[in-house]
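The next block holds one structure in the form of structure tokens; read it before the comments.
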Amino acid sequence: MRGPSFLESIEAACPGAVVGSQLEALDPWIEIAPARIAEVCQWLKSRAEPRFDSLQCITAVDWLETDPKKAAKVSWQPHLEMVYHLWSTPARSSLVLKVKLPRWSGDVAGHLPEIPSVTGVWRTADWHEREVYDLSGVSFSGHPDLRRILCPEDWVGYPLRKDYEMPMEYHGIRCR
Amino acid sequence: MMGLVLAPAMVASLATCLATVPLFAVNPFTEPVGVVHYLFVGAVLFTAGIACMTLKRNALGILMGIELVLNGANINFVAFASPYLRAEGAPTLGLDGQVVALFVILLAAAEAAVALAITLNFYNNHATVDVDRADDLKG
Amino acid sequence: MVEFLIGLGLPGWVAWSIAALVAAVLLLNVIAGGALVFIWAERKIAARIQDRLGPTRTGGRFGWLQSLADGIKLLAKEDLMPEGADGLLFRLAPYVSFCASFCAFIALPFAFDVVGQRLNVGVFFVVAVLGLEVFGVILAGYASASKWSLFGAMREAAQVVSYEVPLGMCVVVPVMLAGTMDLVTIGEKQAGWMSSWFLFHDPFTFIIFWVYVTCAVASVNRAPFDLAEAESELVAGFHTEYSGLRWSFFFMAEYGSMFLVSGLAAVLFLGGWNGPVPVARLLGFSDGTGESAAYVVRLLGLANLMGKATLGVLFMMWIRWTLPRLRIDQVMTTCLKYCTPIAAVMFAGAMFWQLFLPGGLFPGWGRPAGEIREGWLEGPGGLPAAASPAEDRSSTVTGGEPFERTGLATRSPR
Amino acid sequence: MTGMLDMDFIDFMDFSTLTHVVPPLATTLAALPALPIAGINWHSVLFLLFAGLACGFAIGVVAADNVVRMALYLVFSLGATAGLFFLAGAEFLGAMQLMIYVGGTLVLLVFGVMLTAQAPLVSIKPSSSDRTLTAVAGASLLSLLLTAAFSVDAWRGPGVGVVPAPSATPLGMALVGVRVDEPPAGTPVGGRVGYMLPFEIVSVHLLVVLVGAAYLARAKRRRTPRPIDALASAMPVEPVSTAATVAPTGRSAGGARSALVGGGR
Amino acid sequence: MPDLIEDDPRIIEFDVRTDEMLVNMGPQHPSTHGVLRLVLRTDGEIVSETEPHIGYLHRCAEKIGENLTPRQWIPYTDRLDYLAAMNMNLGWALTVEKLMRHEVGEKARHLRVLIAELNRISSHLVGMGAYGLDLGTFSPFLYAFRERERILDLFEEACGARLTYSYITVGGATADLPPGWLQRCEAFLDQFEPIIKEYHALLTTNAIFVKRTAGIGVLSRAMAIDYGCSGPVLRGSGVDQDLRRDGESLYTGMYDGYAFEVAVQKEGRYPRDHSYPTVPSEAVLGDCWHRFFVRMLEVVQSMDLVRQAIDRYAACPEPLPEPLKLFEKLPVGDAYLETEAPKGQMGFYVVGNGTSIPWRVRARSSSFSNLSVTHELCRGCLIADVPAIVGSLDIVMGEIDR
């Protein structure tokens, strides 16, 4: 199944879910509407041809230029980009899904953006989503056990956000 | 009520003290040991066992009391059986005493195994080993 | 010794007390000194097995002072007790273990009359007292207020109680062959050439010896049965929270028990103090040929038994550094599904063999019948020889000869 | 039944040697020279030691509230009792006590304690009225027993200190139905009954207990298929590539591609 | 710790229920392969629930990567899987080369295969030895380290470091191999080959070892894929996937012309199983034994690859290319590449924004996914099985916690 036709098959299965795509990139990707990601993933895993039975990686990229001089020059608005790397074991092919999220829900600092969890699709998503929640500050609705995984449970802030400031101290331990 | 219980106990204790006087009238280090010495130990163990059974509320504590009682009895059997402790001309149980003691030891092992199994089952059903809480008939 | 002291003019009770003290100290040294040697040996053997050198520097060559240095380090180590531990039990536990290990040595003969206290139920006593060592471990596990320790203690309790069953069965076979539970007599029965060892008595004894080895390794908690201190699962098991001297007492108890079960194996199956070749007899030494000859005989016997026991300990070390550890359910399976039935069948087999072929595999081979019946040494140490030799019942070996040697005791009044 | 056994076993065993084997510990001790200072009898000293330990720790069992300590005291008490058995000339019984009672039964008991040793259950304190009542009842019982014990003159004399034979062999023979011991002079005859039947009964009893205890404590595995196993069986088996060996050359084009680019191999 | 569902059918029930205990295995525990903490809910010896707690080694390497150029971040990749640092270097270097569309020459390609496969051997040796340690036998550990030492000696000659090599770098490698190195490497292989039989005797075929591992921690292929397991864990479950054969062309191109068989059981047979121990009858596909055995087979496979690489490398006359400049500009765009590291598929994701410093760096580590399956494997096992299962996953906390 060629690239564009695969895109069409997604389009047919989940109408309106695909909001953009870049087939000429190094790793071609499809952009999915945030609310539809779990549905699309479910389809990709169970009915797509080939079946993407494995989730390799979930990444959140924080697009925010903290330097105001550089920020004026960039072409994009600040946002979070979720990148899902899928893999099909039978077909040995990969697929990249991207989802654009606001940096904060409703632009209120501290309100985490929400996205449906894909834990129900691939169980490996459990830990990967926890990691994204922990380090990048994305809330996964429907996640069974959304806790910090790498940082201590009482850690403040999301270290992989571009505007993250390391706290001065943590339980009396100097950090900076 | 308490006095009624206490009075005979007092009398009995006094009697005991009087009875044991002959035992301590001689130097215990020089006096050869006789049956009665063993009986004394047996009595103490037996009593301690009974006290344990009445006092403890832990099922395993009661089990321990039973073991003590059995051992108190065993000491008596061995003492009566021992030709070594026998006074001149006194009868002994001979081998019978030892055989009975042997059976007691074996049966105590069996009894402990079963009691332990019961206790564990009780613990599973009631989450406690306090026998005072074992007051319902249906497990 | 007592006679010697009395000969010096000491009053009887002083002589007896000194003799008892000397015996106790000697036995203590067997454990403590043995532990030092064996710990060093284990380090060297482990190192060699693993293609290392092991200790090389302490004490000059071969690092032979290494365990002493370790001991000093342990003495100087801070003695920690976890918060929440049951102080009394925590302090008591190592000594309970050690005492059990030590007490069992009382009845173990080192040569035919070098024995702390000869007991007519010697085998039984050794096995019984050895089984008490488990209490130290259980107490340590409970009192440490650590879950890992508790796991170790529960494993130990289950394991030791289970393994006592096949161990007892194995031990009964030599008892049956010798017709006595007295370890000294059992050892004497195997006098002569190697062929008269109970190990080679018949095929059943040969097999049951290996069952005994398995059970002995299990009952002293050595790999692959060292579940109670399995370091990859339970950190250090029952002695997780111990340090310093108390910990070293556990260690000494462990090495003491290893030596004990090896010594017991030597006495029960491997001819005890009788070497593979009856050197003393071939050289014409016996107690009858003079006092120095009697000493030579005893020393040879001592060397024989010590050598066999040490070999047993080294065997356990070899196993430990070669095999992975079993799982607790597999340990139990080994005991209940393999060791116990095999021991039972072998026991029955040995029994029938004894009934129908009482001479063993090599009847009378290198073992003159007369000597066996009379004992190959006449009454030693000034004690008169057997007063009333048994009537000749050549049909059985169990028609035991009268042995009158007791370690420290004089003749019993009748 | 015993008749036949009698013949065989008496033939088989050589009882003439029984009196010649190792003298029991008690005899040995009695033969030790007494202390000149006060004529101390070692046997009595050891008796006092063991008796003190046995009684003291028995009382300790009653007095302790912590169930683990109770178990420990019980171990010591019963161990000391084994010592008493040795002193009474019943060496086999003493070793038996150590091995089965102390080494087996009590380990089992402690095991049970550990399995149920929840912190609140370790020490259940009895009420003070219970204590008083127990003390009174105990004192009465003790006095009763002691009075009884001291009231028989024949029991009060010092022992004669004669142990004719070790106990293990006659005991074993008695268990298979053959009595070889000679009743001491002056005792009423009637003790020459073998114990074959009780022995068998006890064996069967132990077997029943073994089975029963195993039944009570058995593991009942309720292993319903786990959801993941169901999932595994429902999953279609994906086609396995038969090209196990990578062709030595010309493989560069065969790399995996993105589904959006590659031609779906 | 999530609350246990009362009537979870997956929990084995026993008639004699004893105290439930929550036990911490780790972070200071001898057999958790670093600072991993497993919270076990146990009923006697039976583990009803396992919950791994990770993060004790977390240092936010990804954040550090956002402040360094790709070549500067190479030393940080060393610390991901510190037992296979060469493979980590390789994965990152290839990812950045993919983003920059850079091709290294033939010689660098063979050098990379040579070094990466050699490191795979040493990583598997540690995995094997440590697994023996988990099962309570100490000697194989030192036997493994004895041979690993020789590999480290070779690495030390090549790059000066023994653990954190930073050798393979973006655009090639930091230095060419010293003269005589290839001969020494071959000598090592010749000496190492017969020793593998020792390992098989001590572990693979040892009756106790088989008893401890066969049928324990069975990971079905569906679950392995669902949990994103990779590497020997995945192949041990019978999934025929090895990125060296099935990966992206940029990566498989590196192995172009190399002959090797993927170590996986197909139709009940392992490749070349005629010369290696037979699979014991108790072993179930996907259990600890199979995971271990796949590693052992990969050691042989890697030896073979190293030999091939030596020949090919020696046949390349041209000099090794210089690596890219330290501050080479990265193009705009992103690239994700997974490579087959010893522990599994190691993925790197890099986002470039036109400067020499990447906008975002992401490391997807195999051990992270492999460990996440622990609670499934350890359900209802015995305490002694927990080290056996965790050990068979062969995790390295460095790449889990990053």
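Letters are used for the chains, namely A, B, C, D and E, taken in the order the chains are written, and counting of residues starts over at 1 for each.
Going forward, a contact is a pair of C-beta atoms (placed from the backbone, for glycine too) under 8 Å apart; a residue touches a chain by one contact, two chains touch by 3 or more.
Just so it is clear, the structure is predicted and the values come from calculations on it, not from any experiment.
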Measuring centre to centre with C-alpha atoms, which chain is farthest from chain B? A
So, comparing C-alpha centroids, which chain is the farthest one from chain C? A
Have a look at C-D versus C-E and report the one with more C-beta pairs in contact. C-D
With chain centres taken as the means of their Cα atoms, state the distance from chain A to chain C in Å. 68
Could you grab the centroid distance between chain C and chain D? Build each centroid from C-alpha atoms only and quote it in angstrom. 21
Hey, how far is the Cα centre of chain B from the one of chain E, in Å? 65
Whole-Å gap separating chain A and chain E, where each centre is the average of the chain's CA atoms: 26
Multi-chain contacts in chain B: which residues touch at least two other chains? 120-121, 123
Residues of chain E that contact two or more other chains, please. 15-16, 18, 44, 223, 226, 246, 248
Multi-partner residues of chain A (each touching 2 or more other chains): 27, 53, 89, 92, 94, 96
Seen from chain C, its contact residues with chain E in the complex are 46, 49-52, 147-148, 151, 154-155, 223-224, 226-227, 230-235, 321-330
Across the complex, what residues on chain B touch chain D? 5-6, 8-9, 12-13, 15-16, 19-20, 22-23, 27-52, 54-58, 60-61, 63-65, 67-68, 71, 74-75, 78-79, 81-96, 98-99, 101-103, 105-110, 112-114, 116-121, 123, 128-130
Note: in the complex, chain D contacts chain B through residues 24, 26-27, 34, 38-41, 43-45, 47-48, 51, 54-55, 58-59, 61-62, 67, 70-71, 74, 77-78, 81, 84-85, 87-90, 92-93, 96-97, 100-101, 104-106, 108-109, 111-113, 115-116, 121, 124, 126, 130-131, 133-147, 149-151, 154-164, 167, 170-171, 174-175, 179, 181, 183-184, 186-188, 191, 193, 195, 198, 202, 205-206, 209-210, 212-213, 216-217
Given the complex with chain E, which residues does chain A contribute to the contact? 25-27, 53-57, 59, 61-62, 83, 85, 87, 89, 92, 94, 96, 122-124, 126-128, 131, 135, 144-145, 148-152, 159-160, 164
Considering the complex alone, what residue numbers of chain C touch chain D? 11-13, 16, 86, 88-89, 92, 117-121, 124-125, 127-129, 131-132, 134-135, 138-139, 141-143, 150, 153-154, 157-158, 160-161, 164, 168, 179-182, 184-185, 386-388, 390-391, 393, 396, 398-404, 406, 408-414
